[in-house]
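Residue numbering begins at 1 within each chain, and the chains themselves are lettered A, B, C and D in the order written.
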C-alpha cells in the first residue's frame, strides 16, 4: 500500500511538472512535449481497443482526421473547448455507428478493414471538400497559442492514460482481455462480447478525435491527405508494440521512448535518423520481443513468466 | 457506348488488374505460409524499380534482362532478411499473436530503412525512363508495348506460381503448410525450407513488379505505400492464404476500378473501390474466396 | 420438484450447407440428473452443445431451459440464465492468471458480480473446490492438461450454473487424473446441486456418473436409457459401443 | 541470459541517447563569426521529391555566398559566412512547426528560410507573426495565401491561381483556340486553379467539351484520356501535379491523344521530365516564370553554376523560387546591416529586389512585380512563351505529333 502511495505521489509530481513546462521551458521544449503528449494520448487510447481485445486497428488516423475536420469546419463558430470535446464525441458516435458490423470481422481482416476505413474517410472528405468548398484544404485563422494547445493535449493525454488504466483494472477490462484470449469462451461465459468490443471501440475513438481537433489548430492548415495519413496509425502501433502492447505503462513508455529517441536522432542526423530508427525498431523486436518494458518489469517483479 | 471504348475500359482494367495480382500473390504467399504481414512489400517494389532504372540508364541493360536480375536480387534480399531475422524470431516467439505483431514491427522497420536508404543513396528526385513506348492496336484499342509486356509477364508469372502450387511436390508441401502448419510438420514437411522459399519467391515477385512498373510509372523512394495498401486489399478480398483468390481479386479490383470510373467520375474511384472493399468484407468476413488453397 | 425439466431440446435440426449435422434430435434433462451424451466422432455431440449454448442457431427446433424458450439467444444471454458449458478443446484465457480466469466467470456469469474484491474471494473458494488454489497466480498458459481441465470446470462453476454442459471434460487424462476429475464432477453434482449434461468418450466415467445416457449417431438420436439399457441395446452396440463397454 | 543482458544494453543505449540529446547545449554564443541560417526541409516523406530542387538551390546559394567570404553585416563590421541549421520535417506540418519553434527559440538562428510546399508554408506562417520573424516564402502558391494576413510573411511566386489562369486563358485566346477539355487532380492547387479557370473560360467564350477530375495517385488514366480524345478538343488543360503529369504524358501517347495545345499545370518543369520523355516533350506547356534565357541579371550564371555543381538542371519552379528567396534575404541583410527582425521586415516589405527572376516587389504578402507566365518545351528546353514582354520564344502551335 505504501508502495502504491509512493507511486501515486510520483505520478502526481510528474503531472505537476508537466503543468509547469510552459512556465520555464522554451517554446521548442513545450512543442516537443506537446508532440509527446499527443502520441501518449493516441497510443493509450489505441490500446483500449487493440491492446485489450486484440483487434488491431489501423483506423486511428480516420478518427484523428475526423476530429481535425470537425474542428476545421466549426472553428470560429463554436468555442474552442466545445469544439475539441465535440470533435471527440463525433468520433465516438462514428465508431458506435460502424462498430457492430466492423467488429464482427476478426484478425488480419480487421486490420486491413480499418486501413480501408481510414483511406475511405480520406477520399470521402476530399470529395466532400470539393463539393462544399470548391477546393481541398482549409486555413484556420486566429488559432489559440501554443500554451493553450499544450494544456489541452495534456488534459487529453492524461485523460486517455487514466481511462486506459481504469478500464484495464475494471470488470470491463477483464471482459475485454477475455475476448482477446478466447472470444468464444468469453461469450459462453456470459460476456456480451459484441457490446464490450463496441464500447471499447467507441472509447478508443473518442481520444484521437479530440487530439485531431487540437492538432488541426496547431497546424493551422489542414487537408485530407495530411490529416488522414495512415502514418498516424502506423506510428501508434509501433509505439504500442514497443511498449509491450497491452499495458498502460508500456504504451506510455513506448510513446516516450520512440518520440524522444527519434527527436534526439532527428536533430543530429537529418538524413540518417529514419534509417537508424528503423534499425532500432528491428533491434528491439529481435532482442526484446515482448516490448522494452518487459525485461525491466520481469526484473522488478521477479515473476516467473 | 461504342465497342472500342468498352474494350478500352476492359483492357485497362485487365492490365492494372494483372499487376495488382502479381503484387498481391507475392504478398499472400508470405502471409499464407508464415502468417507474416509484409508491410514492406511496396518498398521492395520501389527497390526493384530503382535497380531496373539504374541498370537501364547507367549500363543500358534492357528491362527485359533486368526482370531476371531484379527478381534474383530481390530474392537475395528475401533470403538475407528471412535467414537473419525471421527464422530466429519464428523459433523464439512464444505465441502466434506475438509473432504476428513482431513481424509487423520488423517489416515496418525494414520499410523505413529501405525507403530512406533509397532516398539517401539516390536522392528523393522523381525518376523515370522510356522504354518500349511504341503503340500497338488490338481490335482498335491502343496499347503501349511496355504495358502490354507488363501485363503478359504478370499474368504468366501468376499462372506459373499457381501451377507451382498445384502441380509440384514443393507446391503441395507449401499448400499443406498454409492449410495446417502443425499437421504438415508431422508428415515431414521441412517448414524451414518452405519458409525461406516462399519468402524469397514473394520478395522476387515484388521486385519483378517494381521492374515492370518502372517502365511506365515514375519512381521515387516513397512510392511504395500505395502499392502495399492495394496489395493488402486484394489479398483480403481474395482471402488470406488463398493464392487463387489473390489472382482473381487483383483482376476483380482492377476491373471494378476502371468500370466504376468510366460509369461515374475518375475522382470517385478511391471512394468506390474502398466502399466496395469494406462492404465485401462486412458481408464476407473471410474474403470472397475464403481461406483455403485452390 | 425432482421431475422438473431443466432442459428440453425439441426436434433440433442443424444443417451446414449440404451437411445435416443434427436431425430431429429430442433431448431433455431433469433437475438433479447427470445425463451422458455419447456417440462416435462426428455424431453431432459438440454441434448439439453449440446449438444448446447459443453458439449456433438451430436450423429448426426449439430449446427450453427451465421452461423458458432460449432458442436463438446469444451465448452470453444463455449463460446468464444459468446454462454454462465447457469446451472440448480447452479455451482458457492463456495470458491471464488462473485466478483471473475464474474471476471472469464470477463477474460475467449468472451472478454478474460488480465488485472485483468479492469476485476474487469467491473465485478463490472455487479454486479450492477444484483443487487448483495453489496455482491461483500462475498464468493459465503455464498449466498442464489436467489443470487446464480443472480450470475449465472452475471457470464454468464461477458462472453459477444450474445446468452445466461438460464437453469431454475427461478426455486425454491419465487414469489417475481421470479418477480425480470424476470425483470433482461428482462433487459438483452432489455438493453444489448442479445438473449436468456431459459428452464423454471415457465409458467408465459415463457409466459411473450418469443416471441416463443418450446416444447420437450421424446426427440422430438412436437410443436413450440407463447405462445398463444402453449397454444392452443392440443398435447402439452395433453402431458404436461394441467391445469398449465390456472392457 | 544473453538476451536479458542485450535488452538491458539496449535500454541503456536508448537512455544515454536521450539524455545526450537533452544535455546538448545551444549553439555557442561566442564572438560573432558565423551567421546561422535556419530552415526546415522535407528530406523524407511524400514531399521529398519536390523538395530536392529547393534544398539544392539553398546549397548553391550557400556556396556562392561563402566563396565570397560571407555576407557583409555592418553591425559586426565584417563578412559573416553562412552556416545552415536545418532539420527534416518528414513532410509533416506538425514537425515543420516544431522545427521553426526550435530554430527560433532554441537554436536562435539569425535568419530563417522557408520550408517546402504550400501546406507547410501555411502551417509555418502563423509562427512568423507570433515571433515577429520575417520569412520569405518560396515554393508555395495558393489564393488562400492572401488570407494569412501576416506582416512577416511573403510569397514570391507569380503562379497564384487567379493570375496564372488568366495568363493561360489569354494565351489560349491569342492562339485562337475554341474547344478545350479540362482534367484536374483532386488537390488544393489544381482545384484552386480550376476555380479561377472556369470564369475566365466562360468569359472568353470557349467551348468546354469535357471537364473531369481524377484522384491523386491515379495510375491509369487511359480511359479518361481516351474519352478526352473522343471529344476532339483543340486544347487539353491538365491541372495536375507531377505524378499526374507523368501519367498523362505517357498515357496520352498510348491512347493517341494529341491536341494542338497541351498544358500540364505542375510537372513538366520537374528536372526528370525532359530526360524521361525526350522528344515527346516537344510542345508541352506548363506554368512557370523563369528560363535561363530570361533577360534577367544572373539567370544564366545561376543555371551554369547549378549544372556544374549538381550535374543536372535546376527545377525551373522550386530551385529558382528558392534561390530568389535567398537573394532577397541576402539583399535585405546587406541593406539593413544587422539581424534586427523589425528592420529586416520593413525592408523586405517596402523595397524592390534584383533577382535571377527579375525585379521583385511585394504588395502585401504577394509579389506583384513578376507577371504570370507560361512555359513550353521546345527542342529540349523550356522556353517562356507568354506573356510577350518576357517571352524567350514564340509559342509552338499546333503541338507536333508524338514521336513514333
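In this text, a residue touches a chain if its C-beta (ideal position, glycine included) is under 8 Å from a C-beta of that chain, and two chains touch if they have at least 3 such contacts.
Values in this document were obtained by computation on a predicted structure and should not be read as measured data.
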| item | value |
| --- | --- |
| Chain whose average C-alpha position is farthest from chain C's own | D |
| Innermost chain by mean C-alpha position | A |
| Distance between chain centroids, defined by C-alpha means - chain B, chain C (Å) | 47 |
| Centroid distance [mean C-alpha coordinates] between chain B and chain A, Å | 31 |
| Whole-Å gap between the CA centroids of chain B and chain D | 34 |
| Between chain C and chain A, distance of the C-alpha-averaged centres to the nearest whole Å | 42 |
| Chain A, residues touching no fewer than two other chains | 123, 127, 130, 271, 274, 280 |
| Chain C: positions in contact with at least two other chains | 94 |
| In chain B, residues with contacts to at least two other chains | 116, 267, 270 |
| Complex contacts: residues of chain C adjacent to chain A | 53-55, 74-77, 79-80, 84-85, 87, 91-96, 100, 103-105, 107-110, 112, 114, 116, 119, 139, 155-156, 159 |
| Residues of chain D that touch chain A when the two form their complex | 3-4, 6-8, 10-11, 14, 17-18, 20-22, 24, 41, 43-44, 86-88, 90, 92-94, 97-98, 101-102, 104-106, 119, 122-123, 125-126, 130, 142, 144, 147-149, 186-188, 191-192, 195, 213, 215-216 |
| Parts of chain B lying in touch with chain D, wherever the complex brings them together | 5, 8-9, 12, 15-16, 115-116, 119, 123-130, 133-135, 142-144, 147, 216-218, 220-222, 226, 257-258, 261-262, 265-267, 269-270 |
| Contacting residues of chain A [partner chain B, same complex] | 54, 56, 101-102, 104-106, 108-109, 111-113, 115-117, 119-120, 122-124, 127, 130, 230, 234, 237-238, 241-242, 245, 271-272, 274-275, 277-282, 285-286, 289-290 |
| Chain D residues touching chain B - in the complex, by the definition given at the top | 43-46, 48-49, 51-52, 186, 212-215, 217-224, 226-227, 230, 242-243, 246-247, 250-251, 253-256, 270-272, 275-278, 280, 404 |
